[in-house]
Amino acid sequence: MFPLFLTAMIIVTKPNATEDQIEHIVDRIKEWGLHAEVSRGALRVVIGVVGPEDTIREKPLAAIPGVESVTPVLKPYKLVAHEFRQTASLIDIGGVVFGGPQVVVISGPCSVEGREQIISIAKDVKKAGGRMLRGGAFKPRTSPYTFQGLGVDGLKLLAEAREATGLPVITEIMDTKDLEVIEQYADCLQVGARNMQNFALLKEVGRSKLPVMLKRGMSATIKDLLMSAEYILSEGNFNVMLCERGIRTFETYTRNTLDLNAIPVLKRETHLPVIVDPTHGIGIREHVPAMALAAIAAGADGLMVEVHNSPELAKSDGDQALLPDEFEDLVKRVRAVAEAVGRSV
Amino acid sequence: MFPLFLTAMIIVTKPNATEDQIEHIVDRIKEWGLHAEVSRGALRVVIGVVGPEDTIREKPLAAIPGVESVTPVLKPYKLVAHEFRQTASLIDIGGVVFGGPQVVVISGPCSVEGREQIISIAKDVKKAGGRMLRGGAFKPRTSPYTFQGLGVDGLKLLAEAREATGLPVITEIMDTKDLEVIEQYADCLQVGARNMQNFALLKEVGRSKLPVMLKRGMSATIKDLLMSAEYILSEGNFNVMLCERGIRTFETYTRNTLDLNAIPVLKRETHLPVIVDPTHGIGIREHVPAMALAAIAAGADGLMVEVHNSPELAKSDGDQALLPDEFEDLVKRVRAVAEAVGRSV
Amino acid sequence: MFPLFLTAMIIVTKPNATEDQIEHIVDRIKEWGLHAEVSRGALRVVIGVVGPEDTIREKPLAAIPGVESVTPVLKPYKLVAHEFRQTASLIDIGGVVFGGPQVVVISGPCSVEGREQIISIAKDVKKAGGRMLRGGAFKPRTSPYTFQGLGVDGLKLLAEAREATGLPVITEIMDTKDLEVIEQYADCLQVGARNMQNFALLKEVGRSKLPVMLKRGMSATIKDLLMSAEYILSEGNFNVMLCERGIRTFETYTRNTLDLNAIPVLKRETHLPVIVDPTHGIGIREHVPAMALAAIAAGADGLMVEVHNSPELAKSDGDQALLPDEFEDLVKRVRAVAEAVGRSV
Amino acid sequence: MFPLFLTAMIIVTKPNATEDQIEHIVDRIKEWGLHAEVSRGALRVVIGVVGPEDTIREKPLAAIPGVESVTPVLKPYKLVAHEFRQTASLIDIGGVVFGGPQVVVISGPCSVEGREQIISIAKDVKKAGGRMLRGGAFKPRTSPYTFQGLGVDGLKLLAEAREATGLPVITEIMDTKDLEVIEQYADCLQVGARNMQNFALLKEVGRSKLPVMLKRGMSATIKDLLMSAEYILSEGNFNVMLCERGIRTFETYTRNTLDLNAIPVLKRETHLPVIVDPTHGIGIREHVPAMALAAIAAGADGLMVEVHNSPELAKSDGDQALLPDEFEDLVKRVRAVAEAVGRSV
């Protein structure tokens, strides 16, 4: 179905590996239908293994006696890779196009808290230049004793806010059971950082007709993120956007370490659009704008920024949301930087 | 004076906070029914906030103008804490007791691959002194192109292996949809590291009649692990065991960094049993025994160790599984160390 | 000499702390001339400790029996803090001013390798718009078997390059013994990431007449960086620039994780100029420009970028240096982004 | 076939690399006297490069146009490697032998604070079964405003304590300038974690007649630690011990994350003795014993544990030092675990 992708592994033997062991390694490799290339050094033998990746990946090469290390030299993902699709993927969500020359700003509150709150904020977002509305109905919270979201009622309010403003809406899915109901109300699914390797969920959204924004897990490498996206594409859903939202490091001043290095790396590795969430990334309201501007300068295709009209009274993450007028000011500054790097908002 | 589970937060104001702002902060705190204690320094004001934790946790203190930082000084978890239950929780699974003076060794293959494989390994585990059988039926794999487990057929084979040996069985749950079928066949649920903050799943297993082993996420702090356990207990299921299985650090020589520091810390913080998985923790077969012995010396209540009778042919994680005779030797050495620290196997 | 800075610590007692222990804690605090504020909860007692920071920092509060935790609530640094100096420090090095409205680009090769190399590159740097020349004479290399720099001969060549171009020069100091000779030839000292907590060296450069660029250590928090700068200022040298150059995380795709979050945080915490080194930060030549532009958008006062006229033949770090024409192109793009955020180059 | 210490690198070309580029890569490799092995895949070419390590390490392979990645497959260190010396190195310091069947416990206060303090503690250490005395005279402190050690007076007091007890003494060197004076008084040099990559200092202690204990840096990989040890051995000093003392991770409950995984890995990679410092490693007094026992079970050759007779009054690190009777109890428990793993104390 998909083109064959060559993979290679480099096996290094232990210094005391016997001739019998080396022969056994080579035999195994050949038995599995792979190609082996042997180079002998004074202390060790280096064996290159080449073959179709689906075969090579399955095989426990390091378990063969006499093997010291096994090093992959090619990438484990294919559908998400630029080698598979040379041009950038454009993802159209209700007329808003991600991945093209225009930078898209998504905004809204952390949680949908009530009709007045979400509609008022949606209008503020639209007025300021935001193009898509975010809002959580099912909330992943670290503590079981905090606000867990309005559930289906929250989804209905999001749909009302879309009618009131024309903005398409994105909301987080946390459980495979909720897919059907979310599909009725939302325009785009969000898979959160804590579920980035919830493979049951990835497969389920891979079968959805809605596009998916996949957020990077707190300890996920760029490669892990791409492998999780590969799960969704491999089920047939190619409308996937990747979102950098901060990784966990030893630094404690900021909530997370927003890893902007991921932007140029992802733009080179994959054809999928790359969005940045500076709000969760740095987690400190006054520093959100600096990181948003930096993300655009580094080449991001969009931003997701939290806005609340009354952060002091917010039921979640009030500490990091921008006020509507701060957001309006930010969009202006984002526009200036986008133009400086040859894009628009 | 304060209700049980008092929480406190320390607010520090910005150097340029106005008197009006400070008054507003104190007013907000009082409005929320909390107690405020103000200390004035040369440049900043320090305000202690004390009150019932469910209230205090909800409030976005850092969003109030003039606030520079908010620092919690008491713990956010309660049911899992030693303050809630002074004595160690004993968890009896098919006659095997976790959390008592005896150290329990769980073992088995990464995945159930077939009848002969699982029954043969189960017998090896039992003979060597293992007390519970592990085996994956639903497999969380980083790549969508690798072996994903036998599913319900795997569960049935686990139940057969239990009948053949008398060992209770533990298997991983990855999706809320699978709970019912797993409950039919297994004796203990495992929530994997990648799902440690899959809150929908935590709530679901919190309503199960089966005990749960919760594995620490790769970037989860000890506090995060306890908060996730709190989710399960808060739904009514108190039969929870915690499992340290390695965290993600900058070190690349080992697969993960098995964090044995978590053992004494968890034993002090919580009444729940603490299990250690050295196989995934260090991820290198020849170093698994050293880490297993160290875990017991540090005070772990049990071990989970992967065994395979033919690692070269294993469908997953063959690189790190012990051979049956290596496992038998390990159990002997574990016994010696357990006795040196006043326990038994 | 310096104004008194209030520090506060919050002590939380163990749940089983006795009245005698609590009394002893309070007595100790008073004996040390500090102020104690006691709040009693159901399970624990919270004691606020306030006093002059030099006193409070010395005292092993956590060693007093009955104490569970000690949490500092104010900052441990003073001379580097914005509270000490409200306005940005301007540092003039041979007529080039750091910390003002103009963004400064420093550039040059990793190592000085010979007269022709350094003079040719210096001319390229100047022509493209670089304002200061970098070049290593004493090289910190991970392996003892690689090129260790030209030493004093390298310093002399740097001075020649300055004469040829008018660019002031910066070079790394690795040993207190070398200060005198480096002072003869260079205009600015660099303390490298691996020596950020070499306190003997920090004190020595704190007594130098030359300005110092202090690079952030690979595992140094922002607070650690500020404390190391505090060492230099406390010896009397206030001409210090801070340089973010990437931290060590679990990510392996990039050489380091350039932490741009540090820029807005440092600009808020300290009056010292903040420089960013995207070359070592991301460590991949083709991605250096994206990170350089992002750094400027985030508010950096300057950049340090490696350039080499023949990277294939470079004796160190050839893999990440830009070619002169790539550098010239970068400076143009930096200018556009600087202007978009209200600055110039 | 190849000279001792063969190194290999695997080059993978970019998907769009031209035939000319591939030819140029191979030409360069041959020009440098190295061997190139070319394998062609559908999208990329894989080139194995083999040759003498000193040559191969110098060359900027990744800087050649058309190269996508360069992966080393053999180790960069040699003198420290087990391939260089098959048997364990025994290091005799004043009659105390490190690296043999007997586990050695080093102990003493963080800092030498006065004659009575150091002599009294030294006697306690000896009585409890400690074999070597530690104590800092030059102290690396994060803040310039805290106690910096007694300097040469501290060294003299250490020497007095040695005379009083017969215990050899170890103390930290922070500056190349201090080597001569420390050599007069101490029996073993300690290079601290913050100076693990202070290469000027490593070279200097490599020329000393005293043995060296090299502590692992907070963000140093195991490979980095071995490379730093290689610096010392390459200058002629083969009496080097490695000390694991905790790495920096995202976990904040413990001061550092003591990485016991490093013990079996180091014992396999190198012939040098491996010591563990649980005091700084976990940084919480009550948990030091658990980590000390675990270190011995994992195969450590020795321990370094801080003891103070009056932690509340200690001038540094009082929070984590054991009391003399706690230390005495610990040595007994260490003995039991050492015997369980076939060693003695």
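Chains: A, B, C and D, in written order; residue numbering restarts at 1 for each.
Here is the rule we go by: a residue touches a chain if its C-beta (ideal position, glycine included) is under 8 Å from a C-beta of that chain, and two chains touch if they have at least 3 such contacts.
None of these values were measured; they are calculated from a predicted model.
K.L.:
Based on the averaged CA atom positions, which chain is farthest from chain A?
P.N.:
D
K.L.:
Do the two copies chain A and chain C share over half of their interface residue numbers, or under half; same or different?
P.N.:
Same, since most residue numbers here occur in both copies.
K.L.:
For chain B versus chain C, what separation do you get between their C-alpha means, in angstrom?
P.N.:
About 38 Å separates the centre of chain B from that of chain C.
K.L.:
Go ahead and note the Å separation of the Cα centroids belonging to chain B and chain D.
P.N.:
Once rounded, the distance between the two centres reads 31 Å.
K.L.:
Just the number, please: Cα centre separation of chain C and chain D in whole Å.
P.N.:
Distance between chain centres, rounded to whole Å: 25 Å.
K.L.:
Hunt down the residues of chain D that sit against at least two other chains at once, touch-wise.
P.N.:
Residue numbers touching two or more other chains: 219, 247-250, 252.
K.L.:
Residue numbers of chain A touching chain D in their complex, please.
P.N.:
3-6, 8, 10, 12, 15, 37, 39-44, 46, 48, 50, 69, 71, 73-74, 82-83, 248-250, 252
K.L.:
Can you name the residues of chain B that touch chain A in the complex?
P.N.:
Its residues touching chain A are 28, 53-54, 57-58, 60-64, 70, 76-77, 138, 140-147, 174-177, 194-195, 197-201, 203, 217-219, 224, 227, 230-231, 234-235, 247-248, 285, 311-315, 317-319, 321.
K.L.:
Residue numbers of chain A touching chain C in their complex, please.
P.N.:
Of all residues in chain A, those touching chain C are 219, 221-223, 247, 249-254, 257-261, 263-265, 268, 281-282, 284, 286-287, 290-291, 293-299, 333, 336-337, 339-341.
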